[in-house]
Each structure stands twice: as structure tokens, then as C-alpha cells.
Amino acid sequence: MAAEETHHVAKTFMDHLPVLQVVIPLFAAPIIVFIGKRSLAWPIAFAASAAAFVISCILLIQVLDGGFISYHVGGWAPPLGIEYRIDAANALVLALISGIGTVVLPYAYESVKAEIPKKNHTLFYACFMLCFTGLLGMVATGDAFNVFVFLEISSLSTYVLVAQGANHNKRALTAAYDYLIMGTIGATFFIIGLAMLYMATGTLNMADLADRIADEGTNRTIRAAFAFIVVGMGLKVAIYPLHHWLPNAYTFAPSAVSVFLAATATKAAIYVLLRFMFSVFNPSFVFEEWTLYIVFIPFSLLAMFAASFVAVFQTNIKRMLAYSSIAQIGYMLLGIAMLNATGLSATLVHLVNHGVTKAALFMGVGAMMLYSGSAFFNNLNGLGRKMPLTGAAMVASGLSLIGVPGTAGFISKWVLVQAAFENGWWIIAIAIMLSSLLAVIYVWRMFEVLYLTAPDPQSTAKEAPLAMLVPMWVLAIACIWFGFDTELTLGSARVAADGLLAGSAGMAH
Amino acid sequence: MIETFIEIGLFAMLVFTAFAIVKTDRLFAVVMLSGVFSLLSALLFVALDAVDVAFTEAAVGAGISTVLMLGTIALTSRTEKKSSISSPLPFIVVLITGAALVYGTIDMPNFGDPMAPAQQHLAPEFLQGSLEDVEIANVVTTILASYRGYDTLGETAVVFTAGIGVLLLLSGLGRRRKDEDEEDA
Amino acid sequence: MEQLIDWAFIVGHVNYWLFIVLMMTGLYVVVARGNLVKKIVGLNIFQVSVFMLYISIGKITGGTAPIFPVDLTGHIEPDPSIVYSNPLPHVLILTAIVVGIATTSLGLALIVRIREAYDTIEEEDILKIEREMTAEDNKEYGAAMGGRA
Amino acid sequence: METSTALFLTMLIPTVAMAGNMAFKDRENLRDGFTFICALLTFACVLCILCAVGNGTMEEIALFEVVSGLTIAFHVEPLGLMFAIIGSGLWILTHLYGIGYMRGNNEDHHARFFACFSIAIAAVMGIAFASNMFTLFVFYEILTLSTYPLVAHKGTKDAIIGARIYLGILIGTSIALLLTGVIWTFVAAGTLDFVQGGILEGKIAPSLVPILLALYAFGIGKAALMPFHRWLPAAMVAPTPVSALLHAVAVVKAGVFSILKVGIYIFGIDFLAQTGASEWLMWLAAYSIIAASVVAMTKDNLKARLAYSTVSQLSYITLGMALATSMGALGGGMHIAMHAMGKITLFMCAGSIYVAYHKTEISQMQGLGRIMPITFIAFLVGALSIIGLPPLGGSWPKFLLMVGAADAGHQIIIAVLMLSSLLNVAYLLPIVGRGFYRPVTDSKLPKGVAEAPLLCWLPPAITAFGCLILFLYAGAIQDFLAPIVGL
Amino acid sequence: MHHHHLILRVVTKMLVGAIMLFAFYVQFHGDFSPGGGFQAGVIMAVAFIIYGIVFGLDKAEQVFPPWLVHKLVALGVLLYAGVGVVSMLLGYNYLDYDAFSPHHPSHGQHWGILLVELGVGITVTGVMVAIYYAFAGRPPPMKDEDW
């Protein structure tokens, strides 16, 4: 560093954005605990997430031309130091995560009041901030081991957040425990993969890894590393046969947590999977040599049909939405397996669209649970009529989940099917459509319960408080908005997909 | 050569301990064996030149986590119930994973090979950097706190997360239990 | 002429395979055992074995711990004749150990809560209780829907 | 007024009507009056467009681009304009009738009912003026969704099940088949614009054309081509004004209209004729015509019988397209108008009978004609038009279709059309016969003439008269539509 | 819990001091020998835990009150992250310790490493003690004697 000292140029605020994005919420968590005042916890958390959201938007705008921003944490140039590397792919996911976080917090204000004992509020918001930080950190970083560290921050806080549902139903505890076991196995698989990669290349920086794998070709160690990383992250993503932790975790978590997790946690993991598959390992290596077609396509099809089918038979809306999430993850994986720019942009755009849609739906259910006490269909009878604004928001987002034209979900489906046709996969295209029909069935069941059944005469339900309605409607309007104006979502997804498909060349310094 | 024998001896003991853990159903013994496992692994780390890691593993694995586990079994139960159903699935999972791992080892460089990529690519630069730029004798400290200081910040955040997680699950913030009980009442 | 058994290869790899045996023992305890505490112990074994794999990556035959010799005033006295093992895996594993203990403590805290809620820490008993809860939910909410709770 | 402004107003005004219905929820007269004015204004706008454009075409107006290459855009061409005229014109009458029916029948949730109704009309306008397949698809789905609450209106178990079938088939076919076909077309042709002569020629292997056509023909479930016709009878649980809207004006006509659009502007009549891709569709449509008529004869429930009659009549239009001749397509286009006028008359009559005496089964209608003469005479006129007897409008399209069939060299189709007419006679005329010539058996019925409320019998009387008028102006309609097939 | 042996109590009192001293040694000598903030934090926590085991939870909570433990938990992270923020305010990258002594970077590095290790130590001490308090404060299902 001695050489650099003489011509050190002072960094400005704008230069620090990539790291500030993560550090601001990271700072917020201990501040909340340190101050320890219940009344200040929420404002601090909200301010931090709003700041992160603004920063992520600025970053996204900066990288939309296809370039990238590299930030050297600690002043050490990669591959020695840890690098933050923002390109269109992770800027998009960062914007999604921070956006959802910012929208969820006002909602959480009311819902946490109702669901979590007062004495735990301060710690709850601190934990929420840590989860937020972890997700942002694992997406922003360009260092493979740093992914693991931030993955664990988000995972550990998630387990705790899920367990907070125990005040309501004790099964939240076992759900959190199962998630902890599965999550830890996943994370350990991930570091086994990293160990093998490190053994074969001697580096941990993603760009450097990509270069060295591209230069030296693959061997059995690298292939095994790939398998372990995919399975490890697959556990976090809830790829179909590895999804068992997800339904219980989403069902029994407090409403605000379900909203946040459903919209962001699996999405961040999918991003990491994409980053490794396309940027670190060469796409041609990943797919031709590994014939992932044979692995990814069957499992994603299985997810699309089996999980949707299971969702149809649920009596609890939250669990139904959880299974629907597993099915939707199938669509995203299918987009990856298409291995063309359109398919990859379908994955990325669906990642955003589905995040927004699912968050809105979980918010609606959470608002209704304030009065119904549970998310069982029978307890929600006719609530759509008693809570017209909540119900309308759920209709809008439910339509987006089906993929009705004019909604965000339609755009994802369109692009995905287009990608299938570009590859000449007629059967897959029809399969996508058929599986989305299952979504029609389960979403429509929800609508019927909300609108066409007689409400419980003793129900005291009234419209949800404003603090819940506004976030819900922001997301519901986003569901519609992204169905018409795709400049932001699909536009960035296309840039990101091109960057990812460029493979290691896209990571070059 | 003597190193190899020590290592093999340690390995044998580790494997023995691990199998004993599988077999035993008294949780107290399991926890103690788990502590033993950690201590043995710490010894192995010393043999592999990782003194910092050995120190940590001894403090954490044999110390803190044993204490916590003892605390937990005091609060829960002291024996494991034998499972009535035995499924071949776990065994298959383990077998497949193991096979994948063994497959991965085939192209690994030999153990201790100074020409392995891991020794050739970045390690010399770290050693050099610690010597010249940072001027700190313990290279592990240099990398931990400076080169990869951000990882360590993350690590601190993980510890912090665990701390507030346990507080959220088992007690509350700030007060002592008695005060809380009064508030609840 | 290639040898039938490549001894150099076996000697150079046998410790990896031993790590794998340890890892798989740990993993087996996690997936096969029903006692929640024992699962955590299994997880520890699994993770510690992975740590050993990492540390063995850094080992150089004839090397020594990566700490430079210092004189009495604390100044480093470099000695080019000493070979140092690779310190990077050590750093990674320090972080990973901390993550491991964090996971363990959270898992144990959850177990304590589970015991208080279910009065057991055996997976089998818990599943039984949960099945009963589900059956009750089904009776109350499921009949009309023909589905499962 | 700019034509483009008028075009947007046709969609905007019904939307405003919807908002008005929501806003004046509890003030019945204000609400219904407001909607009526909106209906008149919409019709006026359509007429404005008619005056300005005539049977020419107007430049495309793009609203905005969703994805590159996919725009929400509108244009005016004769077929769409005709559909818009029918839709907006009949809205006025259906609205009047709806007010009478809903009030006379003491139904609940009037505001919701009329609001959804208005949205459905807006969607019809969107479909009529869509200038590409994407826009058409968007409005097609809006139409499905907005009519769902109408079908489920009563909220009874039957209504919910009927609505499920309705929605399940329409959404199911449109997403699984139609959308697949649309995306396939987009990938193959690179555009979805409606272009005279089609966009697919040379872009797709001839052997795949029948498959793509099948995706469209079955995907447009609203055209009720067998075996995807079940939603139509299922939707009969809806209040009768809805049935009138669904089965005469908006929904089914949107379906066959889409089929014609696809045949003419996506595939192109010539391309279809060259490849012979539509031949199987022609036979299926012919089968549909006969089979649905036979089923209709077995139905005692009046609305169910009319529903199957609709299934049969819709296949005329599909058949017109599948013949792949200019005359056939023209006949199909014209049948949209003629059948709309005839069928809406029949439905409104059925509703009048229900409002006045709560009769739903044909066997209960003995002698009812003498009590409600106007209703039954209107019904007779509508029935004759459907059968295709001169001097009523329905005779012309059948004639054109036969000419088209002859052009295509399919004499059997001519026989099918004639047989179908006979079957029409067999299932429609006995209803009138019973009404007039059988003695009254139900002692609860009043003696002497006692019609349904004014707003219930007047609209069908007007549309019945319309059937007569259309006969006289059929030539004008034919000339008006001629440009769509390049004549 | 309150009738432990006298010898045990005396020895513990002596040991606690020694353990703390060792913790400080590990904390501040990490530059030259194995150890650092994490290990020091664990050792420091062990001192309090032993004290708690021997003298009882209540006594330990009097000596080291929970509110203080919780503040320390947060303080350590704040210190660590704060070092990064300060380096940022000085115009350097996040956690670039050169900022603390631009003309002699290695001094800056020393300062930075010292501070962040201290942050780690504080948090780890706090967390370990907090976890111990949380577990020990939970009522057991049955008394030790009943097993």
C-alpha cells in the first residue's frame, strides 16, 4: 500500500455506495440494540432500509449500461482483498430486496404489534435488519467466501424470525429448527464446494475464479465443487426435492416475516446460484458437459406441477402460497435451463415480479389474520367484502400470480414461453402454460372464499389499518405497473442476462 | 515421518469418537464425546500448522459449545429414544454425498504439495504483504483483520445475530428475568 | 509402465478420504437421528470435519505455522529459509468456526423452546403431536375443502 | 372530435360508467341514469368513428409498448367497427332491460352488477379496435375476468359451480392454448400486428399450420367450439341480462370475432386455402353445428336450449372462416351481426317470462303466449331470424356461407347448413307453438293479457324489429365488410 | 447451588482474575502469537461463566448486569463497523486502515487491527455471557436430584 499512498485520491460519498448499501443496515442493527428503546427501533430500521433502497436504485441506474462497479473493501485490490462488484444482475436483486424491505417495515409496524410481545419488539427489528443486511451482503459481494458469511447472517436471523411465530402457533419452533438443520447442511455443502474450488484454483474472488477456471479448464475437483455449490444453494433456494423446510417456515412465521422471506430470501439464493453457474463456472461447461438439462428441467417441471398440485389441496392460505412459491421457483430454474438470453431474463424478471406479487399476497393474508386469527380458508370466509381494499389488493396480486395479461406475472410467463419457443421446445412451452392453470385453481379458490362465501356473523373484521394498506397497495400497484411498463424490470433483466451469459468474460477486470 | 504417525493416530481416535457418538444414546456421554472430538481436532489442527484455529476450536468446541449443550440437556432430556423406524434413506443420502466427495478428491493435489494452486496463487502475496505492508508477525491476524477484515466484520455480525437470537428466543433485552415476570403479571 | 497401485497418490489422498468418512458420519447423525440435540452434535462433527479439510489444503510438507519470528522489541526478523503453511484457509476456518458456534447456540436455544412447548425433544414424538394437530385442523377446517391443513 | 379521441372514449366512457356505479352505490336512479347516458355516449362515439372512417381503415394508434415488439395499440377496420357498433348499440338496450330485470326480480348488488357490466363493454370495445393480437388477448382476458362476477352473481352453490366452469374453461383454454399460440406466432413471425393477408405466410412450416390453428381455434374458448363449449350452458346460472350479454353480444361474439380476426389477419384466407390447414376445423365446426342443435332439442330449460342453440350458431362463424374463401369469411362476419340481434331478442324474451311468471322450463309455458303476446311475438321473430327465413336478417349470412361452401367445393357443408336450419325449426318453433296454441294449465297465471314490466318487453320488441330492418340493409353490411377479404 | 465447597469458591475467585488477565493477553498479543479478539472474548466470557456457575446466576448478574452485557454485545459491532465508517470519512475505502496514518500505512494498519480486534472481543464476550444468562435463567423441567 505504500506505493499507493502518495497518489491517494480521497473517495467521495458516491464512490462508497456499493458498501454503504450493506453497511447502513448492518450499522442499524447494533444501534437499535445499543439504544434499546422500543420507540426508536422501528424508525431506525425504516430509515436504514429506505437509505439502502435509495442507494440500490442509484446503483441500478449506474450499471444499466452493462458495466460494473468494483469496490475494494479495506483498500486491498482483489483477489487479495474482498471486492464488492455491482452489475446489472445483482443491482436488480439488491433493488428488489431493499425495496421489499422498505415496503415491509411500515406493514410490520402494525402486524408486529399484534403478533409479537412488546418486550421483544426492539430485538425483532434488530434481527430484521440483520436478515436484511445478510441478504444484501450476499448479493452485493464479489468474493465467494464472503457470500457464505453474509448468507449465514441472513440465515441465522431468519431462523429466529421464523421462530417468533411461536406466540401464535408452537409449530413455528419446529419449523425454525428444521430450517436451521437444512440451512446449515446447505451452507456446509456450499463451503465444501468452496474448499474444492480453492484447492483447484487457489483463489476466492469470483472474477479470479472465473479466469482461472476458464484458463485451466475443468477437472473432477471443479465438477464436484460445482455439484456441492448447486446442491448447497439449492437447499436455500428450495429447489423441488430440497424444499421441505419452506412450507412450514412460511406458514408459521409472523406475517411480516413471511412477507419478507417469500419475496427476498429464496431470490437472493437464486441470484447466488446464477452468479456461480454463469459467472464463475463457464455456461458452456455448466450445461454441455454437465448436461444439467437432464437435472434441472425434470426437477423444475416436477416443481411446477407437483408443488402447484399440492397447493391446490391446502386449507391454509399461507401454506398454499408457500407451495405456490416452490412451484414458481420451478419457473425460474426452467428459465436458467433454457440457457439463452431470453430464458435467463425470464428468470430474472420473474424473480422480481414474483417477489412483488408474493409479498402483496402474504401482506393481504396477514392483514386478514389480524381479525380472523388464522389463515385457514374457513376463517377467512367473506372477508374480501368486509375488508374491500385488502381484498382488492389480493385480487390484483392474485391475478398477477396466475399471470393474467396486464399484470407482472404475465410478463414473466410470456418471456419464459418465448424462450422455450426460441429453443424450439414446444412441449415445455405447453407444460408451462398447463402448470399455470393449476395456479388458476388455487388462486381462484382464494377469491371464492374471500368473496363468495358468507362472512362469519360474529366476525369483527374491518378494513386493515392504513399502515398495512399502503404497503399492500404499493405492491399491488407494482404488480399491475410492471405488467405494462417493463422498461425497468425486463429492461434491466435483459442487460443482466447478457452480462451473465458472457460468462467469465463478463467478470473480466 | 513421525508427523504422519501422529496424524494417523489422531485420525483413528477421531473416527473412533465419531462412531461412539453415533452409537451412544446417553446424551451426557454424547456431549462429552463431542467435546473430545473437538479437542482431538484441535490437536490435528496444531499438527497441520493451524495454531490459531486449534486455539479457537479448543475454546469453542471443547469449551463453550460443551457448556451450552450441557445446559441444554439439563433443560431438556438426558437420553435419546431409540427410533422405532429405520429408513434406508439417510444411508443412501450419505453414500451419494460421500461418493461425490471422493470423486472430487481424485483430481486434488497431493496433501502437503507445495506446488498446489492454493500454495502458488495468493498465499505468497499474503505472506509478503503481512511482512512489508502491515508489518505484523501473525499472518493469520493480518489477513483476518485487514485483508479479509470485512469477512471478520461479518463474522462479528454473525455472533451478534446469535446473541440477539438467543435473547429473542429465551429471555428478553436489558432486564433481568424477575423484572419481566413482574411486567407480565 | 504404470504401477498397479499408485502409492504416492494414495498417501497424498488418504487423509482426504478419512475426512470424508468423518464428514459422512456427522451427516449421517444429522439426517438419521431423531434426537434434536444429537442432530446438533452431528452437525458439529460434520462441520468440524469440513474445517479439517480446509486446514489440510493449507498444509505444506515441512512447513510451519504462519507466524514470523520476532525480536524482543517486536520487530519481525524474516527468515527466508522457513517455509510457512498457507494462512488463508486458517482465516476462513476461524470465521467458519464462529459461524458454527453461532448456529449451535441458536439451535440449542430452539431446542429448549421446543422442549417447553412439546415436552419432548424426539423428532418422532414431535411429528406425532404435529400430526394430531393437523388432524384436528383438518376436522375443523379441512372437510369443506377436501384438503389437508 | 378527432377519431382517435373517439376511439379512446369508447373504452374510457364505460370505465367511467363503472366508476360512477361504484360512486353512486346507493342511489339507484342516479346510478342507472348515469350508466344509461354513458351507454348512449359510447354508441355516439362509435357512430362518430363510423362517420369518419367509413369502411376504410384507420392508422394504428399505439398507446404504449409493453415489451419491445408488443404494443397496446388500436386501429379501426370494418369488421371491428361492426362489432363495436353491435356491442355498444345493444349495450343501451341490455342496460334498459337490465334495469327492468334487476328491479323486477329484486336481485341484490345492483351496483356491482352494472359496474362489471360496464367493464365488460369496455373490454369489448378494446377487442373490437385491437390492432394486434397482443392487445386483443389482453382485452379478451379482461372480458373473461369482468364477466366472472356476473356469472357468480347470485352467490348460490349452483352459481359458484357454474362460474367455476365458466372461468375454468375460458381462462384455461386462453392461457394454455391461445397464449401459447400467440407467443409461438410472435416468435415465428416477429410481430403480432393484424395485417391484411396475414403475417404467417412463409414464416412457419406448412405442416405446423394446422397445429397452430388448433391452438387458436380451441384457445379462443369464447367461440364455444366443441368440445370446449361446456362453459356456455354452465354460465346460464347468471341473471338473464348477463346471459343476453354473454351469449348474444359480448362474450361469444368476442370469441368468434377473434377467430375471424385470426383467420383473416394472422393466417390470411389465402394462406389457409393454400395449405388446407383449416379443413379439419371446417369439419369440426360442421359437427359442432349439428351436434349442438341435437342437444338443444333435448333441453327443457329454455335458457339451456338457447345456450346450445348459440353453440351451434357460433360454429357457423367458425365454419365461415374455416372454409377459407372470401364469401365464407364474409358470411361469417355478417352472421356476427345477424345472430346477435336474433339471439338477444330470444334471451330477453326468456328473461321477461322469468321476471313476470318465474317460468324457466319450456314445458311450463303452455298458453303463456296469450298472456304475454308481445314477448312471444318478439320471440317468434327472433327465432325465425335464427332459423334463417326471409324476410329476416338471419337469412343472408346462411346464403353467403352456402356460396362460400360451394366456392370451396364442399357440397356436404351446404347440406349441413340446410339440415341445421331444419333442426333450428325443430327446437325453436315448438316453444312459440306451445305458447300460443296450448291451453293454460297453470291455474296461478292470470286471465287475459298481462305483460312483463315495460323495460322488460320493450327492448326485445325493438331488437325483433331490428331483425327485420337488418334484412333490408344486409347489402349495405356486405359492402361495408367487403374490404376485409380484399373484395 | 448455594452450598458449594469453600475451596471451590476461593479457587474460583483466584482463577477468575487469572483468566481475565489471560484474556487480555490473548486480546492484545494477537499480532505476535496465536489468538485475537474472538479467542479473548471467549476466554473473558468463560471467566464470568465460571463465576456464575460457582456463585449462582443472581450473583453473576449483580457483578455483570444483563443490561450492560447487552450494551456490550452491540458496542463491539458498532466499534468494528465504526472503524470502517471513520476510514470512509477520512476519504479512504471502507475498513482501509491506511486512513489512520496516511504517511505510515503500517501504523494505521496496527491501529485498525487493534481496534477491530477489540470490537470482536467485546461483542464475543457480551454474546457468550448473554447466551449463558439466557440458558441459565430458564427453569429446568426437573431438579438435578430427580434424575
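Just so it is clear, A, B, C, D and E label the chains in written order, and each chain counts residues from 1 on its own.
Note that in this section a residue touches a chain if its C-beta (ideal position, glycine included) is under 8 Å from a C-beta of that chain, and two chains touch if they have at least 3 such contacts.
From a predicted model like this one, the values you see are computed outputs, not experimental measurements.
K.L.:
What chain is most central when centres are computed from CA atoms?
P.N.:
Checking distances from each chain centre to the full centroid gives A.
K.L.:
With centres defined as the mean of C-alpha atoms, identify the chain lying farthest from chain D.
P.N.:
E
K.L.:
Go ahead and note the Å separation of the Cα centroids belonging to chain A and chain C.
P.N.:
26
K.L.:
Centroid from C-alpha atoms only, then distance chain D to chain E, rounded to Å. What do you get?
P.N.:
78
K.L.:
Quick one: report the Å distance separating chain B from chain D, using the average Cα coordinate of each chain.
P.N.:
Distance between chain centres, rounded to whole Å: 72 Å.
K.L.:
Which residues does chain D have that touch at least 2 chains other than itself?
P.N.:
Correct list: empty.
K.L.:
Mark out which residues of chain E touch at least two other chains, giving numbers and ranges.
P.N.:
Residues 32-34, 38, 67, 70, 73-74, 77, 81, 84, 94-95, 97, 105, 131, 134-135, 138, 141.
K.L.:
Find every residue in chain B that makes contact with two or more other chains and list them.
P.N.:
Chain B, residues with two or more chain partners: 51-52, 56, 60, 64, 68, 71-72, 75-76, 101, 105-106, 108-109, 116, 118-119, 122-123, 126, 133, 135-138, 140, 144, 146, 148-155, 157-162, 164-167, 169-170, 173-175.
K.L.:
Among all the chains shown, which pairs meet the touch rule set out at the top?
P.N.:
A-B, A-C, A-D, A-E, B-C, B-E, C-E
K.L.:
State the interface residues of chain E toward chain A in the complex, per the touch definition above.
P.N.:
67, 70-71, 73-75, 77-78, 81, 84-85, 88, 91-98, 102-103, 105
K.L.:
Under the definition above, what is the set of chain A residues touching chain D in their complex?
P.N.:
Against chain D, chain A makes touches at 399, 402-406, 411, 413-415, 417-418, 421-422, 426, 429-430, 433-434, 436-437, 440-441, 444, 448, 451-452, 483-486, 490.
K.L.:
Help me check something: in the complex, which residues belonging to chain B touch chain C?
P.N.:
7, 11, 14-15, 18-19, 21-22, 27, 30-31, 34, 37-38, 41, 44-45, 48-53, 56-57, 60-61, 64-65, 68-69, 71-73, 75-77, 80-81, 83-85, 87, 89-91, 93-95, 97-98, 101-102, 105-106, 108-114, 116, 118-119, 122-123, 126-127, 130-131, 135-140, 143-144, 148, 151-152, 154-155, 158-159, 161-162, 165-166, 169-170
K.L.:
In the complex formed with chain B, which residues of chain E make contact?
P.N.:
30-36, 38-39, 42-43, 45-46, 49, 61, 65-67, 70, 73-74, 76-77, 80-81, 84, 94-95, 97, 105-106, 109-110, 112-113, 116-117, 119-120, 123-124, 126-128, 130-138, 140-141, 144, 147
K.L.:
Using the touch rule from the top, collect the residues of chain D that touch chain A in their complex.
P.N.:
64, 66-67, 70, 72, 137-138, 141-142, 145, 149, 152, 155, 160, 164, 167-168, 171-172, 175-177, 179-180, 183-184, 186-188
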